[in-house]
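Take this structure first; my questions come after.
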Amino acid sequence: MPNHAKSRINDFVIKLANVNGTGSASANTLLMKAIFRMGIPVTGKNFFPSNIQGLPTWYEIRVSRNGYLARSGSVDIMVAMNQQTYSQDLDEVSPGGTLIYDSTWPRESVISRPDIAIVGIPLARMCNERFKSARVRILMKNMAYVGALAALVDIELKVIEKLVREMFASKKALIESNMEAIALGYDYANEHFACPLPTRLKRLNKTAGHIMIDGNTAAALGCVYAGATVGAWYPITPSTSLMDAFRAFCEEYRKDANTGERNFCVVQAEDELAAIGIVLGAAWNGARAFTPTSGPGLSLMSEFIGFAYFAEVPAVLFDVQRVGPSTGMPTRTQQGDILAAAYASHGDTRHVVLFPGDPRECFELSVAAFDLADRLQTPVIVLSDLDIGMNDWMCREFEWDPAYRPDRGKVLNPKTVARLRGRFHRYVDPDGDGIAPRTIPGGHPKGSYFVRGSGHNRYGEYTEDSNEYVEVVDRLKRKWATAAKLVPEPAIRRTRKPASWGIVSVGSCNSAVNEAIDRLAAKGIHVNYCRIRAFPFSSKVTRFLDRHDYVFVVEQNRDAQLKSLLMVETTYPADRMHSILSYGGLPMDYRCVVEAIEETYLEGVAA
Amino acid sequence: MPNHAKSRINDFVIKLANVNGTGSASANTLLMKAIFRMGIPVTGKNFFPSNIQGLPTWYEIRVSRNGYLARSGSVDIMVAMNQQTYSQDLDEVSPGGTLIYDSTWPRESVISRPDIAIVGIPLARMCNERFKSARVRILMKNMAYVGALAALVDIELKVIEKLVREMFASKKALIESNMEAIALGYDYANEHFACPLPTRLKRLNKTAGHIMIDGNTAAALGCVYAGATVGAWYPITPSTSLMDAFRAFCEEYRKDANTGERNFCVVQAEDELAAIGIVLGAAWNGARAFTPTSGPGLSLMSEFIGFAYFAEVPAVLFDVQRVGPSTGMPTRTQQGDILAAAYASHGDTRHVVLFPGDPRECFELSVAAFDLADRLQTPVIVLSDLDIGMNDWMCREFEWDPAYRPDRGKVLNPKTVARLRGRFHRYVDPDGDGIAPRTIPGGHPKGSYFVRGSGHNRYGEYTEDSNEYVEVVDRLKRKWATAAKLVPEPAIRRTRKPASWGIVSVGSCNSAVNEAIDRLAAKGIHVNYCRIRAFPFSSKVTRFLDRHDYVFVVEQNRDAQLKSLLMVETTYPADRMHSILSYGGLPMDYRCVVEAIEETYLEGVAA
Amino acid sequence: MTSIVKPRIVHHGLSRNRLGLTIRDYEGGMSTLCAGCGHDSVTAAIIQALFELAVPPHRVAKMSGIGCSSKTPAYFLGASHSFNAVHGRMPSIATGAAAANRELYLLGVSGDGDSLSIGLGQFAHAVRRNIDMLYIIENNGVYGLTKGQFSASADIGTAAKRGEVNEQPPIDPVQLTMALGGTFVARSFSGDKDQLVPLIKAGMRHEGFAMIDVLSPCVTFNDHEASTKSYQYTREHSHEVMHTDFVPPMPGIRVAYEEGEVVPITMHDGSRLLLRKVSDDYDPHSRGAAIEYIRTHQRKGEIVTGLLFVDESEPDMHGINSTTGMPLNELGFRSLCPGKRRLASLQRRYR
Amino acid sequence: MTSIVKPRIVHHGLSRNRLGLTIRDYEGGMSTLCAGCGHDSVTAAIIQALFELAVPPHRVAKMSGIGCSSKTPAYFLGASHSFNAVHGRMPSIATGAAAANRELYLLGVSGDGDSLSIGLGQFAHAVRRNIDMLYIIENNGVYGLTKGQFSASADIGTAAKRGEVNEQPPIDPVQLTMALGGTFVARSFSGDKDQLVPLIKAGMRHEGFAMIDVLSPCVTFNDHEASTKSYQYTREHSHEVMHTDFVPPMPGIRVAYEEGEVVPITMHDGSRLLLRKVSDDYDPHSRGAAIEYIRTHQRKGEIVTGLLFVDESEPDMHGINSTTGMPLNELGFRSLCPGKRRLASLQRRYR
């Protein structure tokens, strides 16, 4: 076996090419978790088709002792389990890398490249010899490659075993067979190849205090912790798992053990128009309610979102973005709904948008979203994406402040209503912050009012009068100014050196940008970084812009939507913003940021 | 009778305050048409409630020998037929003006203002004495005030009579009774007051070659002339009359007199999502198809609009804007859907938008919309509004070039397909303009392809591949650049004097802006004017901007949507654009433009 | 400007209900519908029924979509909360309201356009979920508010009533709701207060989705000769010289008839409806028999009115969900938030 | 990348239809559905039926929404035009296509999610308009593509099959279509090619809206023990250590039975369906009798299959509209544009 690989400890990429529906996800997650438990920073990205069984699917594990979580663009070890994609997978291996394949059916002629190592392991044959049922054989093949990798890159077997025990805690019989399969691969690799490879792992202590979690689960947890009781949704990839997780957590924490009674209500709506309607109906009644969706759902909800803006009904929406336009590539990631979310609906509407940058922020910002929605009495859209939502990210453990109490905003309780001198008027702004106190149906007779999206005056009465209408929408504008003061501040990262260039970005670009900044710094290019976490833009965002001569706006869409929003909503000159765009549907690769900025830098040096 | 009025010939405003459902619209239109036929430029604006019967409704007729059609803000003669609104109507009369009311029930105590003339005419009493049925009496009261006005402002009776004859051509019996009612009012006024008033009409010759028509009728006519065969819609104010008119024209011109067969198909859809779907289904099959709607409908259509953008299906939409957000004030006008139309749908989508400035342009641009939709294979949204769509505007007669043939764009007919060397591939761009030739179903076996909004490659095949997807959306961007070259140019008006200031505006602001420019010029303030007629912006728009130091962007919405679009889509510095906004739902009043510009001017002079 | 405040006259000596309230306390703003509109009669029946039921007005949430019918919640129960949703989407608002507060009385008013065209999907799924609410469809066969286009229920009357359009089969909310498994299905006529008031009371009491299809004539656009047709006619056949915006004053249609009786109703356009009131001994507990009964009489040109089907045993949405008894919107935060300690322990799964 | 090109093998000696085409000419790309998926059997039946009908493939337009079922048009009639619409909106695309070209054969394939949840409104109104098309619902009681949530038709099988969820009454496309006035209503089972092929042929020939509800098991998410439940289970009860993404290979379910016969079908999850094929002498021309028949057997737990109702006399959308015989998309511009002279004369009205 040729060995071109230079030693790369704790810094490489394993990519696994599988067939959808063969149970490989469990094996791949197991791999990633084992690395994580060895204290080594790791991330896993899943590239799966919009299909249930039979099509190609990939899983990319990046091991990075420096804690870089973005895609790096190189593949050091390819586990090629899908004959359909052999040649493509072969091409992708970086020079000096290794390709592992199932040599039950030898393919030496097809699979060969002089600059990489080819490792054939007869996974199917070994599993077929050892296991009887067809079903089990398919599954065990996956475990067998886990074993082989364990030997090749030196994953601690006891870590794997512990994971397997946890995995099958409820089906003990399976523990043994799985461990057997792992041993098959492990032993074969050890016997036939010089294990471990130079590209390998070595225990570190860098994952303590961290967890591996996906953003949808984290957001669901946020909903539970924020006290949401009503969830409504229509299934759509990649947002479905958010509601699945919410339900699961609620079954665990919100169900009476004795009576089986639930103190939550999840409604699988007939479509997205109904889902947002259910949220508005519940929120009008004072429940915290939310709906997860993706781009097409956001489009369908837009009439109702405008309604909620004008009638001032709180609502929390999660748009887990996938590739658009139109129905798009449902299993690919993008940040293409920024404008659609910010200005959803016809007429003069604008909405609070939050941009979590990782699962931890999905948790935190989903709690913030409920507080903001209640405080501002308006829809808040949490703009996540497939990469954050469905991939496992390593992040710091979530914290919870036991003193936290929901900010329900200006809600008059029945007693206060009873004490009101005059009548209750829904849209009167007593404090000048644009926010009018509301009441909850069923509370007190004096508190009743008429919610309508059609023209209403400050008293909540129907109107078609110009001045009355203008008064209401002008107040809404005032409320918008208040929103800018309440939303989460941007995350700012400053270089140690003085820098006149800045990067502005959002959401899942974060890992790529952070890595790029380090690598640029190594080349002597120093940039500051402002990760926007909310729209409207707070003054900190505009201050960041104003302090830099030149700003790179990094985002994952074709049309520079974040930059467009900055052009409309700040006074920063457009000709000082430069777009760095990545919109092919794969999680962002840090190199595109490095290259774009370096190029501009070199142009500047040359000029 | 006091007479404070100074003589104002052919330059004043009559406002008629009525109760909805009492048949006043016919009388008011009659008045306006009579003035028009006297050769005097005139315009009529209808302010009606979202209601069928019983609520207040107003009609404002502006007579302007200079041909100004915008609202002027003053009311010289008020015809107060609605007791509910007496005091409000009284307040609105400009000093020196006249108020006419039905003195059957004298109201001298309520209706009095020292600075205006009050004219009481016992309309109800006279009609009750003359006519028997309750129904006829209600209707005739309206005719009686027409007669009174005829005497007071000197409308030629023979013009009125001719109109009445045309109106009731099919019900001759009514001609006499209507003329009788008119005579009642006419005679009473002549007997009791010094007729005509100083504020009055005098025949001119300024309406030859012009017609009075509303924009929806004009747009419908454009659809007929462009050869549209399929129309689908869900009724919504203020767009409904567009499809009503299309149907009526088609019944006249497109129905076989012998067989009764129709060569058009209008589908009243179950909602707007279905309406746009029907349009796409028809357009995919090569028919010219369209749907009229308003803001809420546009929101509901947005998923499908994005689909059409990506699948490249032509479609023509008319959004007759009403007040937003949400369901809004359906009977008031606004330009609030500019951003919603330009960027409709989630993902990276952008759409061709046309902005007619009057009914004549509704006609012309609706023909252009079909040509552009076919040429660019994409949705084209004609953004009209309630003011243009439902009010009668005086405009130059429409012209038709008999040599016109529809531009069906790149459609391969079955013969061409048959001759193709290789296979037909739907999304290959042979000419570099971003437009790929299409075929029509049913034509030729070789021409078949799969329309999908989900990821497809240049061949039209399903894909989830990054590069293939990027290739397609990059071509769509190329197509967008082509669109900018094909769309209608802006209308530019230059002052004779050198001007460093410009006005940019769209649609129904036109009359107000034109009048404002004249009035500013009279004050020595000279500005050029660019009325944008399409998005994407053609190079002529950017050139106009670049040639001016300072630009006022005049539009009818709160959020400066046109200005936002200019900020995003041109390089003109945002700090050199100043918004002039009018968003109360009434057609724009020229004075707000004059005042804003004058103020800036005076500031500049002072500085 | 366009909303009219109704003079509030306190009548002494008005009878009072269990709560000590008079019928005035169940009224709302002045109607702005056309004189004689059937919807106003339904409003009156709702006021009467809720007064008799002695529901505290503030415990009722009124909901509607868009249309003349959907405006009516402004005309009754002025002291109740109300939600005027976007067109066709009231059922989802109701679903959310029910989810948040299972103790609120939910009363929805919709139109045939609102429920059978744009809102058909939401309507059907609210039925299927058995949301605990009363849902009244004020069915006039037209889109009143947008000036008289035919709705999907057009042609419920005599066969030839509206010319060619009757070739499209009407969607009958009663048969549709039966097919969707509705648990309370009734039909009435707006002018028949004797029947309507008890039906509304029964519907309010029903635990689950109660649908009452109320035939409610539109005096303005159902008027064949004077308006619908002439409206169409003006548009289609004559030169559009003038707008027609005249709504002749019309009286509402009233009717009173006995159980088991069949009466003809003459509509404003001269067409006739044959209403059959189910007789005293009609058993509304069999879905099959109800469907059979409705269809049999339909073949004879009769429209059956009354409580046609009811099933009190089906669980509503909360029953299916096993939701806790206390309204969700009243649960304290402590009972909802798993807290700091649990957060720490549950995160072990993600290591 | 993810689309697989099917090897095209020319078999000599394959039988040819009237047009001289072999069955290969009616095939499409290779299916990417799960092995054993009922939808693949429907695809096969469509191929067979259209081959036998000898329809020129390019005269057929295939349409669908979104879902596993809606993907299937890629797997048959590769030489036909096709339109894969957004979720639930295929009926409106079909309506527009029919409007533009009345001579095209329209063949729509949808799922129970696509047609009965998000698409219910459009489906109902396509039925009501009697659009001339064949509309197949591949009904599996779940949302296959989004991984097995229950659809609105869930629980069509035995009563206890899916636990608590069967408290929500399923929407039955057959009864719904009957209630909406559908003119061709049939039901079949994906594995019953003998019944399905003739039904598809009849549906293609029907002039109006032909609906076939095809029970089409989802082998992956209907599998009680191995997948649906365990999928739920993993999510709800155990710590989410691992993703479950394993789809065990399954064979498709086949069945053959005679007219008038009742057969039990064992589904992948072990539950049973009782199918009853209408007998030879069943008369599908009475709507009332058909409803009665379906309901009677439903009470016995039987699902009736076959052509249940047909009415050839109702006009389709074009009949109602009196549309000209030539497809609208073929009319010459001259016959559509009134021309310069007429424009001048008609403008006199606006003076």
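Here the chain labels run A, B, C and D in written order, and each chain numbers its own residues starting at 1.
In this text, a residue touches a chain if its C-beta (ideal position, glycine included) is under 8 Å from a C-beta of that chain, and two chains touch if they have at least 3 such contacts.
Treat the numbers as computed from the prediction; the structure is a model and nothing was measured.
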Q. Among the chains, which has its CA centre at the largest distance from subunit D's?
A. B
Q. More C-beta pairs touching across which pair, B-D or B-C?
A. B-D
Q) Hey, how far is the Cα centre of subunit A from the one of subunit C, in Å? A) 43
Q) How many Å are there between the centre of subunit B and the centre of subunit C, using C-alpha atoms for each centre? A) 36
Q.
Quick check on subunit C: which residues sit in contact with 2+ other chains?
A. 1-2, 66, 86, 117-118, 120-121, 124-125, 129, 152, 239-241
Q | Numbers and ranges of subunit A residues touching at least 2 other chains | A | 49-50, 217, 270-271, 296, 303, 307, 326-327, 452-454, 463-464
Q) Residues of subunit B touching subunit C in their complex? A) 20-26, 29-30, 33, 49-56, 84, 88, 134-135, 138-139, 163, 166-167, 169-170, 217, 234-237, 240, 244-245, 247-248, 251, 268, 270-272, 296, 326-327
Q: Would you tell me which residues of subunit D are touching subunit B in their complex?
A: 1-3, 56-59, 61, 66, 73-74, 78-86, 89, 91-101, 103-104, 121-122, 124-125, 129, 317-318, 321-326, 328-329, 331, 333, 335-340, 342-344, 346-347, 350-351
Q: Would you tell me which residues of subunit C are touching subunit D in their complex?
A: 117-121, 124-125, 128-130, 152, 164, 167-169, 171-172, 175-176, 178-181, 239-241, 288, 291-292, 295, 299, 314-315, 319-320, 349
Q | For the subunit D and subunit A complex, residues of the former touching the latter | A | 1-2, 4, 32-35, 66, 68, 86-88, 117-118, 120, 143-147, 149-150, 152, 220, 235-249
**Q.** Parts of subunit B lying in touch with subunit A, wherever the complex brings them together
**A.** 49-50, 295-296, 298-300, 302-303, 306-311, 319, 321, 323-332, 334, 336-337, 339-340, 343, 345-350, 452-455, 463-464, 466-467, 469-470, 473-474, 477, 557-559, 561, 564, 567-568, 571, 573-575, 583-586
